[in-house]
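Lettered A, B, C and D in written order, each chain numbered from 1.
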Amino acid sequence: MSILVNKDTKLVVQGITGRDGSFHTLKMKAYGTNVVSGVSPGKGGQNLEGIPIFNTVEEAVNLTHANTSVIFVPAPLAADAIMEAAEAGIKLVICISEGVPTLDMVKVTSYLNKKGVKLIGANCPGLITPDEAMIGILPVNIFKKGNVGLMSRSGTLTYLMVSLLTSNGLGQSTCVGIGGDPVAGLYYQELLQMFEDDPETEAIVLIGEIGGDAEERAAEYIKNHITKPVVAFIAGQTAPQGKRMGHAGAIITSGSGTAEEKIAAFEAVGVPVARLPVDLPVILKKLMKLD
Amino acid sequence: MSILVNKDTKLVVQGITGRDGSFHTLKMKAYGTNVVSGVSPGKGGQNLEGIPIFNTVEEAVNLTHANTSVIFVPAPLAADAIMEAAEAGIKLVICISEGVPTLDMVKVTSYLNKKGVKLIGANCPGLITPDEAMIGILPVNIFKKGNVGLMSRSGTLTYLMVSLLTSNGLGQSTCVGIGGDPVAGLYYQELLQMFEDDPETEAIVLIGEIGGDAEERAAEYIKNHITKPVVAFIAGQTAPQGKRMGHAGAIITSGSGTAEEKIAAFEAVGVPVARLPVDLPVILKKLMKLD
Amino acid sequence: MKIHEYQARQLFRQYAIPVPDDVLCYTAGEVEKAARDFNRMVVVKAQVLVGGRGKAGGVKLAKTVDEAVIAANKILGMDIKGFKVEKVLVADAVEINKEFYVGLTIDRNTKSVLFMASTEGGVEIEEVAKENPAAILKIPIDTDLGMTDFQARKIAFKLFSDINLVKQAVEIFKKLYKLFIENDASLVEINPLVITDKNRVMAIDGKMTFDDNALFRQIDIEALNEPDEDEKKEIAAKDKGLTYIRLDGNIGCMVNGAGLAMATMDVIKYFGGNPANFLDIGGSSSPQKVVDAMNLLMSDKHVKVIMINIFGGITRCDDVARGLVTALDQMKVTIPIVIRLSGTNAEEGLRIISDYNLPTVNSLSEAAQEAIRLCNLVN
Amino acid sequence: MKIHEYQARQLFRQYAIPVPDDVLCYTAGEVEKAARDFNRMVVVKAQVLVGGRGKAGGVKLAKTVDEAVIAANKILGMDIKGFKVEKVLVADAVEINKEFYVGLTIDRNTKSVLFMASTEGGVEIEEVAKENPAAILKIPIDTDLGMTDFQARKIAFKLFSDINLVKQAVEIFKKLYKLFIENDASLVEINPLVITDKNRVMAIDGKMTFDDNALFRQIDIEALNEPDEDEKKEIAAKDKGLTYIRLDGNIGCMVNGAGLAMATMDVIKYFGGNPANFLDIGGSSSPQKVVDAMNLLMSDKHVKVIMINIFGGITRCDDVARGLVTALDQMKVTIPIVIRLSGTNAEEGLRIISDYNLPTVNSLSEAAQEAIRLCNLVN
């Protein structure tokens, strides 16, 4: 099982001829991800180590039956690339590009809703179902197949957390980087439900950070819908107000969106929040009764 | 039964304080249509012979439970009025206004599809289920309750046809003026299916005219989906090419959209086409085996 | 509303769609100067609001100034399908490697904007549609989003393979869509869209029609209107609330409602007559409208009989009768009138006109037959 | 990116949203001239990029020129929440009958544009949100359609009952939405929106924030940026691919990734230390970036210890180590460095820096504790 990606994933890479696109395409393929094609306007007919390249996603879908797309194009072109994938019949789009304008994402959201297409990102490191498929830029060596589902607004913080999980013997069902932008695709609520429904997932790790109130909403959702154990971590307890902490979405505005509020919201519904990264696997093991 | 409107219709009139709006509101009410409210921005709190007037459709729906709206506002404001009705929860909108820009209707169509709202018109005389409800500007005295369903792109031509039906003893289940614009709401196909599904309707009259290929498509649809007898009439056999014959949609472009093509299409699928208005009831009676 | 090629080219330029340079000329003298200024091969093109100029000899290449003047002299004053050529466009004749067709229109059935493209450029698209419909690519454009880059690219890749041409085409398609939407067009065509010998993608000829219903918000477009004599009469009628179209027959029609007006003409034709016009006096007709309509009919010297067909609904037959009586009293009406009134207040209407000894008829068919009989008597 | 009130008022004018006249002044002399020219009551308003000016005494009414000069002298040079007032706006003080709040923002949860309105104008909307959330009307705007007339009217009728005011408000709301969309704003507020004594609806004060991610296509907006000293440093860092925010502590941080950078700061704080900055050296870090980052950290004289925390993924630890070695060789680094490398090529990285005698640590917690210990030694 696992969620979103697995052995049935047929991936097309949009922006496959770019520096990052080609580099990570080969990494994904090396991990065993079924990369069926790439898109790069004007480079149709070429190939990247045997992966055929097309001018449009439509051709890639028609000729290689891609069902999932990952996007490495520059941010100003990302919204168009996402919509192109959706229009071509792709059902899951992962957008790695960082710096996509927020109004582009608002427009994209409305379009994807009409088309019934799922999006992860933008500005995310991608997702992985260990031993089945990695889509994005994740360092695969830290992951291990197992029963913990993980979702995170951050990249490297996720890697740290995953390596702590793995070194503590806690493998992962699927790990999803949901991205650090204010308006993004699949978020806590949808992913919590997917992990809840996934028989392979036994516990859930939620890594949040300052900005917005998605964590507060997630807490509310967990209270009402999630029966599996959840442990959270919130980054940005020392972040000042009004400053964008790297991620476009990580900003405390008018005293709202603080780590304190988020931690309190989780604890109010019985979700433990690790104060230090190293504490997280310990709490999780206790909840999973693995001690 | 009948289709679209009946005794359960609760009508709100948008543009109720205008000259046409107020005149026809009283006519509709006099016929027995359940006119529950009107809308005229800035006139909220007033009333028209006891019909309460509101500033917004939202208020009219909330306070008078209107489920159907008829629009008498000037053409430049019609698209906005239709969308206001849809957004407020109205499920059937009839737009009488003539001269609505085509691109406004394209925009409206996309919005109504999202909201699941039905539209009749614009540029139409409305519709009637005799003895139950009349919505629009139809001269009620010519109609008579019965079993013929009628749809037409024209106004006065419809009146002529209906009076011929009535004087020949052929009453009507519902008569729908679908309007003379190139892009309009419910059209032949949807209405044919509704009449097909309506137990009260025994035969169908389709009145078309030059321009577009909706009649050709209707013929195809009848062939595949309609079991009840259908008789057609097509206006504009003498219309020249390239001239807009009153209705914005009634124009033969580059030799396409002619009456001949439409008549041929109907006859090819066994739908008789009356050459003279007086012939129509005669053909219909024969098909309905009423001779 | 249609506009001329030279106006379409102006709009293309306004939207930064590349078009070869051109000069509009009304005389051979102006053409000579223009050709001299170009100092290279030009094309002289008749500016008339009708298709098929090329076949009619209205478009000529000219390698020299003399050839341009000869062409101008041939084309200016020429009659193309009933349209007299009063001006020509002298345009830079770029070297063309390949021709395409692209256009935007509104699809009545899907109720959306449709982008059309074809590798068979330079001929009328209707002919392509009839002979080889598969050669026309049709892509609906979601007006919520507009023409996206990816859609423009998708179309461009179907026409071109060179990415340099694709990129030029993408820009042109997006601008063309913008032109279409921002000006409430009902049709815009670039035909042909070409690749020049210098690998530039350019619009060589354009055809545009605009939505009459939207002219109230398109003042600049309305200003481009150049109505011919018939159209001027139609516009004057419109100002009085009448929809009028002149035809070739001799039975003047006055009807309320467009559909009924068409059906009335059809019935006349069915019985062997010839309608002189389409005339819809509209919904809530005041007596004055009837007077105006009578004046309009009487101004057409081809009209031998007038046939009035009113189905009273919103329109009240007595109003029409009153208008008719006023008209008959005001003007010298020497030709016969057949009138059929039915519906709202028909009886009162008939009573009002009873003093005027007009033939009474009981049905539309009878009215048409009577009109034809009277018309034949006059001839 | 934030802009000043005077810039927001300029944008309002550009979109034909009515705003009282004003003049931007840098000196009391300029204020005197402006007040004299107005020749009526004015308001003198501090221009600083922070809320709560009014409470801090940064906004003063002046009935006479003398009063205006007195106000200017008080306000210019004033410190408001750490921001020095360098300019004031002298604005026509219109008579206000009633105040409202309207604003547009992007709702992260519904992923749509949200229109907000309240009859409680003139105070910070966050306070209204906390004390009386029901007083704020929130209406999502479908960006496919834009702000329609009916939506603007619906909101306007909730604020006003007079149709004359409603009509003015409808125009303002539609223009405000246009301003929001066309300039990639993340927040635009009119607060207060007022009814004047002459029954005009006007914007008196405006607050705007723009999407940094969209500045590449908003050249005019980017030109409005007036960064303070800290922000200039942040921008300079950005140009080198570094995300830097100065804080009040003394442990300089260098981390790869925003989330990890925040978590690193949190861990330092957890163990009782104070981070001097947020510094994300980004994904594919080249050695040069590390050199730049070291220079940036060394330029802050508050920094007593440097703590480097790298989790190698895309970033390779050996690259970071190489950069660090280059930096240590180039510049005189006199303060202690704690470095934690893990993930991709961590061992090679540690080998590269092994000659430099840096403290070795095994975990993030240990690194933070070591940094704090070294920091305390220095103090």
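Convention: a contact is a pair of C-beta atoms (placed from the backbone, for glycine too) under 8 Å apart; a residue touches a chain by one contact, two chains touch by 3 or more.
In this text the structure is predicted, and so the values were computed from the model without any measurement.
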Counting C-beta pairs in contact, which comes out ahead: A-D or B-D?
A-D
Measuring between mean CA coordinates, which chain is farthest from chain A?
C
CA centroids of chain B and chain D: separation to the nearest Å works out as 56
Rounded to the nearest Å, the gap separating the Cα centres of chain A and chain B is 50
Rounded Å distance, chain B centre to chain C centre (Cα mean):
27
Can you tell me which residues of chain D touch two or more of the remaining chains?
142, 144-145
Contacts with 2+ other chains: residues of chain B:
107, 110
If we count contacts the way the header does, which residues on chain B are in touch with chain C in the complex?
20, 75-76, 99-107, 109-110, 125, 137-139, 141-142, 152-160, 163, 180-183, 207, 209-210, 212-214, 217, 233, 235-240, 243-250, 254-256, 259, 275-278
Across the complex, what residues on chain B touch chain D?
41-42, 44, 55-58, 77, 80-81, 83-84, 87, 107, 110-111
Residue numbers on chain C that touch chain A, as the complex places them:
142, 144-145, 148-151, 153-154, 157, 163, 166
So in the complex, which bits of chain C are touching chain B?
51, 106, 108-109, 111-113, 124, 126, 142-144, 181, 184, 186, 211-214, 216-217, 243, 245, 247, 255-263, 265-270, 275, 278, 280, 283-284, 311-315, 342-344, 363-365
